[in-house]
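Two complexes come next, and they have one chain in common, chain A, joined by chain B in the first and chain C in the second.
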Partner chain A sequence: MNSYIPTSLEEALKILFEHDCYILAGGTDLMVQNHRSSGLLPTFKKDVLFTSQIEGLDYIKVINNELHIGANTKYISMIESKFVPTMLKNVFVEIASPSIRNMATLTGNINNASPAADGTVPLILLDARLVLQSKDNKREISVDDYLIGFKKTDRKPNEMVTEIIVPLTDHKYLWRKVGSRKAESISKVTFLGAYKTSNNKISDFRIALGCVSIKPVRSKQVESKYIGLTIDELKNKKDEIVNDYNQLIEPVTDQRSNKEYKRKVAINLLKSFIDSIK
Partner chain B sequence: MKIKFNLNKKDVIVDVDPSMRLLDVLRNVLHLTGTKEGCGEGSCGACSVLVDNMPYDSCLTPVINVMNKQVMTIEGIRESKEYETIANSFAKMGGSQCGFCTPGMIIVTYALLMKNPNPSEEEIRLALSGNICRCTGYQAIVNAVKDASKGGKHE
Partner chain C sequence: MLPEYKTSVKKVDNEEKMSGKALFTDDIQMDGVLSAVTVRSKISKGKILNIKLPTLPEGYYFISAKDIVKENVCNIIFSDWPVFADKEINYKGESIGLIVGEDKKICLDLVDQVVIEYEEKEPVFDMKNSAIHKDFEKGDKSVLNDPNLESYTEKFQTGYQEQVYLETQGMLVYLDGDKITVKASMQCPFYIHKAICRTLGYPEDKVRVIQPAVGGAFGGKEHYPSLMGAQLATALVKIKKPIKMVFDRKEDISFTTKRHPSETTISALIDKKGKIRALDIHVSLDAGAYIGCSGVVLSRALIAATNTYKFDYVHISGDAYITNKIPSAAFRGFGSPQSIFAIEMFLAHVAKKFRYPGVLYKNQYLVETGDTTSTNGKFRDKIILKELIVKAKEMSDYDRKEKEYSKPNSYRGIGMSYFLHGCGFTGSGESDLIKAKLIIRKDKNDIVTFYTSQVDFGQGNRTTLKRIVVDTLGIPEDHVIYDAPDTDKTLSTGPTAASRTIIIVGGLAAKAAQHLKDIWVSGKEQEIIEPYVGPDYIHWDEATMQGDAYPGYAWGVNVVEVSFDPITYEVHVEETWSVYDVGHAIDERILVGQADGGILQGLGYGYLEVEEMANGEFRQKTMSDYIVPTSMDAPKMHTAFIDNPFKYGAFGAKGAGELTFVGGAPAVCIAIEQAIKEKIYKIPANPEYLMEILEK
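Up next, the complex of A and B:
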């Protein structure tokens, strides 16, 4: 395997145009997945492009009420940023451990495309988008469309994610991560529910669930059924909402927990979110 | 590939594969064995080092990611006056038993106290949350960090 260490985005895109590479930022997933015994070099099955020396991809800024996050931005920078909304910070501070939050990027979390990723749950809830660039092209795609399956994304080999764009909102929300311990735990179930009210009516209603399908589950079609109801009407439809999400989620048994447990917990979190609406 | 970084306040150049783990560069190339390998997958914190004053798991860090950065290992921390306070507090409060996690625990304690000299118990537990100890049950380590935060003059 060859290592490529570009210092500019232009150089990186030229390398990706010529070579099919793993794109390694913090390394906190790829260095584990390709790890061998102590003292041996990791074994990557493809060439590796290291992003750490690329200038100009580590930034957080707000443009037209949208958060723009450069692809090389670490979790710790977002947690400490005055621009990043509390909803995102509350998710990020529960990811992995302090040291991994110092090393890892949200871009990496998205591209690893694990069904148990925490970072993609708020991005899908907030209709976040990605900017992908290749040598000759630049495109935007929603995070929801970008994640196409278990560990699969819509990235073409000559592309890289250069920016994450998150619309800023003032939803009230409930975030819960269920894991076996507070730090270092890969989630069993994650839940993020958000809503807005206006004149005692539900003016927006969004739900995203992690770990219960190949990617975070969100259905705008289901959500739209409940927008416009009064708060009491929504609460009276709790059984119907539970039924809707029971049909949408497809948890599987894995080493962390079994599918019955995940379903039960996901639905309980959904119920407590509905109860919390006021 | 020749990679330059600052290690324990001195510039070093290593000629290694850029994907080599920082942990292996420290232990096998530079023969600094204070940094330990526990799990090798970022779950235990035994390999903690500071990169630009922030705790990193050196087992997950390809050495290219510290090029031109400042790396501090337990050997570098040991030269500081803060180390003496922290080490004494760990000894006094029973914060070290078998000792394997201790270099990592001291690294994250040092980083915490540099940033936040008077941490609450919750802040201490959060700062240590990526470091596993299989001996002490953590309370003795938390007590040691509290003691160190009071300059070792507590109790």
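Up next, the complex of A and C:
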């Protein structure tokens, strides 16, 4: 097992071209997942590329009303940044604990591709995109398309995520993380609902639900059914909306909760979001 | 005369622990120390047919039942747990052997390569095979024939609980000459000492147990270290090199002992006015694969089953069942949290049935000074429970809140629990089993040294025991030396358990110091060996469960206020108010440490901490899955003590360690019931369970 600590993106991409590596940023998932026993170093099954020394990947900037977040940017930097919208900050401050938020990156959260990830829920709701680079190529992909299954992403072994792009919006929203305690808690259900109104009509309507499927659940097709309705019309269709999402979600029982609870709470949160629309 | 303690002293171990100088077991370095990793059974019940080892590199060993020196049994109260499983497997995770060698990583790899062939048998996971049955009654039985009484029955369940001590189990063994020497994370040095002597057949002076710094225990280090000691000593005899075994958190949660899960059925005969005339209580405890200390846990559960109440007639019985699961053992409260939860909930439910608000109903049954205990002993010492209740109500504004939150859709609730804890070993255990002896000696420079076998695992007894001796002798603090236990230097003053440290050992230390003071001659070497002498009124018959079960009782009242989120079924504990009678408070800050930690652990037991067993295996094995409250979950806590000095304790002190745990679970559940207007029958009352109740 080799460790690589590149200092430039070019060097990193060259290493990835030549070696199949874990890409380790903050290490808050990988160090735990590869932990062997107390008093021992973690045991990685393949080489590890550490991103922390790569220059130029730790930034937050706004270009054309879109937020650009460098892949090495830690949660704490986003929480403290004046460019990051409150919706994202409200999600980030509830992730893990201060010590984890000082180390962990949103890029890592996306690439870990856990169904219980909090960070991916607002990204999917906001149509965020990722920039992936390899030695000879650079491409953009939506976060929704990038997450392809349980702990699976569309990343090719020689690629790495270099930037997250989040369109900035002024939606009204409701965010709820339901965990098993008030801090250091892996979520049981997460809910993010957002809407815009104009002339008493719903001009945009978005729902993203975490922990209730292999990846965050969002359906633009379902959302489009309700865009254009008046607020009252939307509220009258509460049962239909509930029915739509009841069919989209497929929670499973695990060591943290059970599928009945996750479904019920997801639907309760959806209902309370609809009630809150004004 | 009682000294006044308005201020608390700095704990003697503050500096060494805050600075990081304190050495815990895994911090102790030794040249050439080997690592040990356990080979565990992968089945719950069956026979070992064959053990196929990988080729062991030079310097690597496999230690198993074939290496037992004398007796393949771990000395615990009831000694049925083998040091290494020989032929029979009785639970998943049972130790079959150890791989010992220089590199822990290689040991782990070798453990993975051990192939064991089993003949599997059908495991028993349900409580159906009773190993211990106890049964006793009190009062006038004729009431059972009264045709005008209505029968009312309820059943309560409590789950596993994990101790979550900060420092995981760990032990280092080495030879000092020909003496087996042990340093370990422990509660009871002499338990480990005895277990090693027994399995090796060694005389007492060939084994030495020394206590390093210990990071938490909560009962979890009362018996399990005896098993590790017996295993590692067996390995040491063969290998003759220092060996260390330290559990990773996952191994610790997965395979060490937990609190006994329980099922309690309570039936009452109730008259037309709602008064309970007779009570029948049956407590079932899941002992797991071996009995160990479960009989004693069952005793305590049954003795505490009527809690702080008296009834005309009670019949109390219970069973400890053997199942093919991880053995259950000691945990703060030792059986009483299970049965006290049941009786508190039962009385709250009967009160609702007869429309009594709040605690009004249960107040009619409170025991008073001079009343008989559940086992026909006597509450001799002054009971001030009513004062505790008045104070707790006043502090929490209970009556107003209770009324306000009883309105529909309040989603807020307040609950109040009463509880007691018998201090010290059950019955005549202190005089007959433990027989504590404390050495205190003075050198010619008038420097006093005393020894106990009490472990300070964070609770502060090193500070308080020293203070008792310093204040009794009336000499400067730096003229008294009191170090951590070392079985070569101290006589046994018993285990650090059963809330006995201050009431029993503290009392003994005070007495020894007083005797030294009485014969004090400056400049002369003097020594006193002080034996424990119990109050002469203690008469106890374990077979019939009759008599005085404890030398003294500590009392408490907890008030817990909660809010409830009807969308997510989450409970938020808002605030707690606690009032305790622990006799006389020697050091109030140390007591507040016990009180805050105790109620938080009790709350966790009541509404948060889920440990499920599936196919003989725990489902929650890590700190991210086994949920204990964080500081963010901790409510604002208010704690008060009412002075009620106890004649036999040091400076009037009684026990406080376990008492502060017991009331949290019933208080929080009674509060949740008010918030959701439904009844709770099982803990933890987590959101999944509350949803089930509300959506039924």
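Definition applied: the second predicted complex is superposed on the first by the 278 of 278 C-alpha atoms of A that agree within 3 Å, B and C clash if a C-alpha of one lies under 4 Å from a C-alpha of the other, contacts with A are read in each partner's own complex, and residues count from 1 in each chain.
Operating definition for what follows: contacts are C-beta pairs under 8 Å (C-beta built on N, C-alpha and C of every residue); 3 or more make two chains touch, one makes a residue touch a chain.
Quick caveat, the model's predicted, so the values are computed rather than measured.
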Contact-wise, after the overlay, does A:Gly26 reach chain B, chain C, both or neither (first, second, both, neither)? first
Quick check for you: in the superposed arrangement, does A:Ile100 touch first (chain B), second (chain C), both or neither? first
Examine A:Lys182 and indicate which partner it touches, taking first as chain B and second as chain C; both and neither are also allowed. both
For A:Val265 in the superposed arrangement: first (chain B), second (chain C), both or neither? second
Go through the superposed model and pick first if A:Gly39 touches only chain B, second if only chain C, both, or neither. both
Figure out whether A:Phe50 sits in contact with chain B (first) or chain C (second), or with both, or with neither. first
Please work out whether A:Thr120 is in contact with chain B alone, chain C alone, both, or neither, and reply first, second, both or neither. neither
Regarding the shared-chain residue A:Ser257, is it in contact with chain B (first), chain C (second), both, or neither? second
Partner chain in contact with A:Ser3 - chain B first, chain C second, else both or neither: first
Following superposition on chain A, which residues of chain A contact chain B and also contact chain C? 38-39, 182-184
In the complex formed with chain A, which residues of chain C make contact? 26, 37, 104-105, 108, 168, 246-249, 251, 567-570, 608, 612, 619-620, 624-625, 627, 629-633, 686-688, 691-692, 695
The residues of chain A that touch chain B in their complex are 1, 3, 5, 24, 26-28, 31-32, 35, 38-39, 41-42, 44, 48, 50, 52-53, 76, 96-100, 102-103, 182-184
Quick one: which bits of chain A touch chain C in the complex? Just the residue numbers, please. 36-40, 43, 176, 178, 180-186, 189, 255-258, 260-261, 264-265, 268-269, 272
Give every residue of chain B touching chain A within the complex, in rising order. 1, 17-21, 24, 28, 37, 40-43, 45, 48, 51, 54-57, 59-62, 64-65, 67, 108, 126-127, 129-130
